[in-house]
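These notes concern the structure reproduced below.
Lettered A, B, C and D in written order, each chain numbered from 1.
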Amino acid sequence: MMCMAESNHEDCFTDIKLTEDLFSLRDTTAPNFVFLAKTSWCGSVTSKHWFDPARMRSLVAAQPRWDLRVGRQAFVACVVCVLLAACEREMRPFQDVSAASARTQKPILSPLSPGGERPPEPPLSPFQQNAWGIAEGKRLFDAYNCSGCHAHGGGGMGPPLMDAKWIYGDRPANIFETIVEGRPNGMPSFRNKIPDSQVWQLVAYVQSMSGQVPIDALPSRGDHMRYSTPENARRAEQPVQTGKP
Amino acid sequence: MPTEGPRARPVERLERPLDENAETRLHRELERTWYVPRGVVGWLSVVDHRTVGKRYIATAFGFFIFAGILAALMRIQLAVPDNHFLGPDLYNQIFTTHGTMMMFLFAVPVMEALGVYLVPLMVGARNIAFPRLNAYSYYLFLFGGLMLTTTMLVNSAPDAGWFSYVPLAGPDYTPGKRSDFWAQMITFTEVSALAVAVELVATIFKCRAPGMTLNRLPLFVWSMLVTSFMVIFSMPAVVTSSTFLLLDRLVGTHFYNPAEGGDALLWQHLFWFFGHPEVYIIFVPALGIISSIITTFTQRPVFGYTALAMSVVTTGFLGFAVWVHHMFATGLPQLGLSYFTAASIVISIPTGVQIFCWIASLWRGRPRYPAPMLFVLGFFAIFIVGGLSGVTLASIPFDLQVHDTYYVVAHFHYVLIGGAVFPLIGGIYYWFPKMTGRMTDDALGKLNFWVLFVGFNLTFFPMHILGFQGMPRRIYTYPSEMGWGTLNLLASGGAVLLVVGGVLFVYNVVRSYVAGEVAADNPWNADTLEWGTASPPPVYNFLHIPIVEGRNALWDRSVDAPVVTGIRSDCREVLITEVLDAAPSNKTEFPGPSIWPFLASVVTTAFFIGSIFTPWALPVSVIPIAVTLIGWFWPKSPEKDAPGARKSTELREARA
Amino acid sequence: MSAQRRVLDVSMLPDTGDFGHRGLVWWGTVGFMVIEGSMFVMVLIVYFYLRLKVAEWPPSLPNPDVGVGTVNLLLVLVSLIPNALAKKAAEEQQLSRTRLWIAVLTCIGVANVILRAFEYPALNCRWDDNAYASITWLLLSLHTIHIVTDVVDSAVLVVLVFTSPMTRRRFIDVSENSLYWYFIVAWWVPIYLVVYWAPRWL
Amino acid sequence: MSGGARFAWQRAVWELASLEVASLVIAGCSGNQSMFNPQGPAARSISSLGWTLLAICGVVYLLVMVAFFWALARRRLPSDDAPETTRALTRNVTLASIVTVLVLVVLSVASVVAGRGLTSPSGPGALQVEVTAHQWWWDFQYTDVTPSDYVTSPNELHIPVGVPVVLKVRSRDVIHSFWVPNLHGKRDLIPGQITHTWMQADRPGVYRGQCAEFCGHQHAHMAFVVVAEPMDEFRQWIAHQRQPASEPATDEERHGRDVFLQSTCVTCHTVRGTDAGSHVGPELTHVGSRLTVAAGTLPNTRGHLSGWIANPQAIKPGSRMPPNSLAAADLQAVLTYVRSLR
């Protein structure tokens, strides 16, 4: 909480990092038991690439001698069980929600040139690998009637969100800005209408619609009329930058 | 059989018993034949029912301790109002894992494990039927349990309750993989439980010693038989429902989605159609333990054998007719509900009959009170409370108030701990000499009983009143104004005693295992066959397959008890008898140790866990699974039963 | 101890198990048949339970095409003949006839599996369309799993009966395998009716 | 024999226990959410049924225990193994079983009789309230001929005294269970289903209700209050609730309203009479007049309210209400404004 207060006047990126840091600091705000459990088991799991869909697919595709495969499956299964079961995906970071939204100022984003050069290391949104955050984003996407224009990501009055095309950039920071600032041709600004924590959840969900998050964090079908293939059953799209709306 | 001509019949005759040397030679050869392999690979290849059974029991108690620790954490959290020791997220994971583990990884498996160890000995067989399947089911159980334990440790344990009601446990409201781990844990444990059930039924029906007709079956075996049938008929329901859940979450099917023609109540019907028999699957074996212990420590045949056996069977049937009494508050049609009230009340009649029969046995007998007996007597004091509160729960109006309150928590802990865990611990104290060849410390055992007894009632009796005061289940905290603090504190205090009792039990068992006094073959002068062999039993269980002459096999046997002869001792040949009269029918050879069941279980585990994350796990693991199974069932070099093979039998030994 | 004691000499009993309910294997087979049978019953009950939840059936989806399924049904029924013959031959321990019929049975089984692959498109729905589609796919797949399992089992037996020295034990295995195939055929009839005709009749 | 002695001792222990038990039972029958403190006809018939059941079961238990300890402690006779002893025992066991059956019949009859007292007396005239459960709060809607006259009162159900109120219950997300122990038993709210239950309060008062089916993170904090009041007061309350929100009177209230309308509050909440018209969260038109905030979790005081608005996650971790980081002055103004919404 304290450090967030100071962060109020930082710019967006440092704030994102700060939020990430909070993820690892979270345990200090969490009950002791969690602290023990998490630090002993997942304290080190901060690498953002501990799960790589491509590797999983290649593994599934590979057909070496059966015994090798059995052995490797068993091994991978155990690793998968321990790591994938893990931390980042299964957190319920309620306190980070407070943290991420403890900021009244508008994020100052790098001036965005569609399809242009990209900063060296793309920032990661707080909830990008967090199944709960993504699911919250999905809930808010309906609650705040984003579907009114984007029709569950299929596109209507607004552009589709589940395809490969990114008009204003596919990086979390871009999506964040799109939501907070709005865009020409109809995307309204939600500044001061949606708290930043929830914007980040929406960002994570928007990413998940075209498979830009770990497959095991993807949402599945909702308890409502089926409108399209559930997120976790879609093919992951390779982002394509297009300037034109 | 057309080509076999008239069936060969066993020959009864008089002959001189084997002399010392012949007995020794027979013993040596049987030990060579039924060897338990050594070394790492050997250790994983064991198929012998005593070893597997002991591992099964130990593993189940391991999960019991883990889930007990979780319970202690819950009691700390609830000890005072507005406690911040555990957050809601962690508390939900903990109570879910506690319930799941106790039901699926302790209660059911430990009872079946006891059956795996005892039933073959009690019916006079040399191993359990389908021994390799037995090893396989143990490893599946172990891996499934380890999976759930791991998820608890990495903060991704299921958090939707041990009953995993949809839609809360469904794809929309439990993001991540928590519910999927729960559902797959079900698959693991059910597959293994079903396999063991089939083995037990086959063993009880076809591997009994000659003379052990069905109406001479020990009551423990009766209850294991009923339990196995209940497992066979109830568990498919929960496998089905958890498969639906997994499919809903992984590939977006709509079984539980009302908006697309699915139904949320469907889950409750399927789950409770399993879930209520489940309670009896846990309770019925305990009835068998109680009958055995009472028979032994009153030194009289139990009173009303037929009544006891028949009421166990009746309970088994009625157990399937009452599931909806878990759903009285869902607004189902009134008429149907009243039927389930009737059924739920009727089911208490056979239990009542059993209790009266046992009281009659105690009345008639000459009771002795070592630790095992104390636990059984504690069962009476505790279980009857739970049974009666169960009767009150069957009344719809009353249930509408106490349903999902702490009254129910109190009720089923009285039923399950009083009805199953106390007899079970008693049973462990009772059979410990047979399993390990060492006595437990009886004084410590008695202390253990009193600590557990007091601690239990202190913990769970106040919960009845908390229920009346309106405290709902599964809340991670409660405001102090509700006035629930005192009783919760009392309950948490009792929990401390329960922990102490648990520690005493473990200490007693471990200490007796390493340093207990050596046990005689039949230290309690009990009546069932397992006490008729050495403690611990030799690898082949019985030197000569006995011929049973009465209901209380050891008490009723004549001076020179007749035995079976003519069973080959140079291969794992066993006698197969008829279902009803246990008349010798034929002989068959049991498979020996093999690593394949272990490999198969590893591959299956990889498949189950993989399918939590991707549907591709199925096509990928089909081939390895097929390979391991083929390797498992591939016949070994068949010279044993090829014509002209050397036939060395006890008969030849005798003639030698 | 006294000079003489009563013994029961079982040395002349058949010593490699026995056919049918006298043997032990039969009980294992039947045990798992009961388990899988009750699973089928569960799923069928769920099918009708879900039917009661909606007005039209199938809900806003075309009926499945009966063509392939019916062919498969006929083929399965035909397979009863080699199955019966294989069982009989095995129980009479007739090596050559056993070899012949178990081989024929396996071939038909393979054909069943191949046909099954064409039944899925004939369902005219995707498993995630709605509850009807889900339960239909599940019914079909559940039965497919059983067919595949037993075909693999038969194939292994074929290899055994042609290669390894034939013992009474092998004949028992063949007979149990035929028993299991009866079970699979018996279940395909109701499942076929439910999958293909219930949408038309209900 | 020593066994007997030891059991005399055990019996003493047990009697002590049962004494303590009795006192606890008595303690159990007061308390603000107790089923044995009935305030309406339904709850009363259940409570008297409850006493009957407990009494009968208690007696049965004592009888069985007496027989049990007698069987343990009695002197052993040589005649015990005689066949006529066995015959006598058989007779007694049969007798006991028959008695069991009779007792169970009595229990069933009692239960059925009590059950008849629970059938809903809903006439056409009966007041009907629509109950909608959300994770983790309750919405009570009073429908009317003209939709503009609908009244929604989150987490606070007002009912007139002495008349049955029909509740039309549904869930918006997962399964919840509607339960006011002082008035009636539970009714599950199952998504995809609409069912009816009813309640009636005999005397004015405030009764606490709570969700009884596990529904996720904040199942523990999903409570509500039932305010039973005389018919005319109830009518006044409805009439008042129909009014749009009161206009801000002071400058601070005006400032508070402006902050409210420009901040994130309006994304979820409705204040009738202003631009705030979203139905994601509870309606706030008359929030100032309610007894509790955060679904029966906290009394509705300025302090609690400010804590709740500033950081709800500290009070109900996982609840849907996001934290607000308003500047201190703005927060105070919003508080003043919200509390003025009476």
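One rule holds in what follows: a contact is a pair of C-beta atoms (placed from the backbone, for glycine too) under 8 Å apart; a residue touches a chain by one contact, two chains touch by 3 or more.
Fair warning: this is a prediction, and the values are worked out from it, not measured in the lab.
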| item | value |
| --- | --- |
| A-D against B-C, pair bridged by the larger set of C-beta contacts | B-C |
| Geometric centre: closest chain by C-alpha means | B |
| Centre-to-centre distance between chain D and chain A (centres being mean Cα positions), rounded to whole Å | 39 |
| Between chain B and chain C, centroid-to-centroid distance (C-alpha), Å | 30 |
| Centre distance in Å when chain C and chain D are each reduced to the mean of their C-alpha atoms | 52 |
| Mean-CA-position distance for chain D and chain B (Å) | 38 |
| For chain A, residues contacting two or more additional chains | 92, 94, 221, 223, 226, 229-230, 233 |
| Residues within chain C bordering two or more other chains | 128-130 |
| Contacts with 2+ other chains: residues of chain D | 173, 191, 217, 317-318 |
| Graph class of chain-chain contacts, one of line, ring, star, complete, other | other |
| Chain C residues within the chain A interface of the complex | 128-130 |
| Interface residues, chain D side, partner chain B - complex | 3, 6-7, 14, 17, 21, 24-25, 27-29, 31-36, 43, 45-47, 49-50, 53-54, 57, 60-61, 64-65, 67-68, 70-72, 74, 76, 80-81, 85-86, 89-90, 92-93, 96-97, 100-101, 104, 107-108, 110-112, 114-115, 117-118, 135, 173-175, 177, 179, 181, 184-188, 190-193, 195, 197, 210-220, 297, 317-318 |
| Residue ranges of chain A in contact with chain D within the complex | 92, 94-95, 97-98, 101-104, 143-144, 192-195, 197-198, 223 |
| Sites on chain C touched by chain B in the complex | 1-19, 21-24, 27-28, 31-32, 34-36, 38-39, 42-43, 46, 49-50, 53-54, 59, 91-93, 127-135, 137-138, 152, 156, 160, 164-165, 167-170 |
| Interfacial residue positions of chain B with respect to chain A in the complex | 73, 84-87, 89-90, 147, 150-151, 153-156, 167, 170-173, 175-178, 181, 248-252, 254, 256-260, 599, 602-603, 605-606, 609-610, 613-614, 616, 620-621, 623-624, 627-628 |
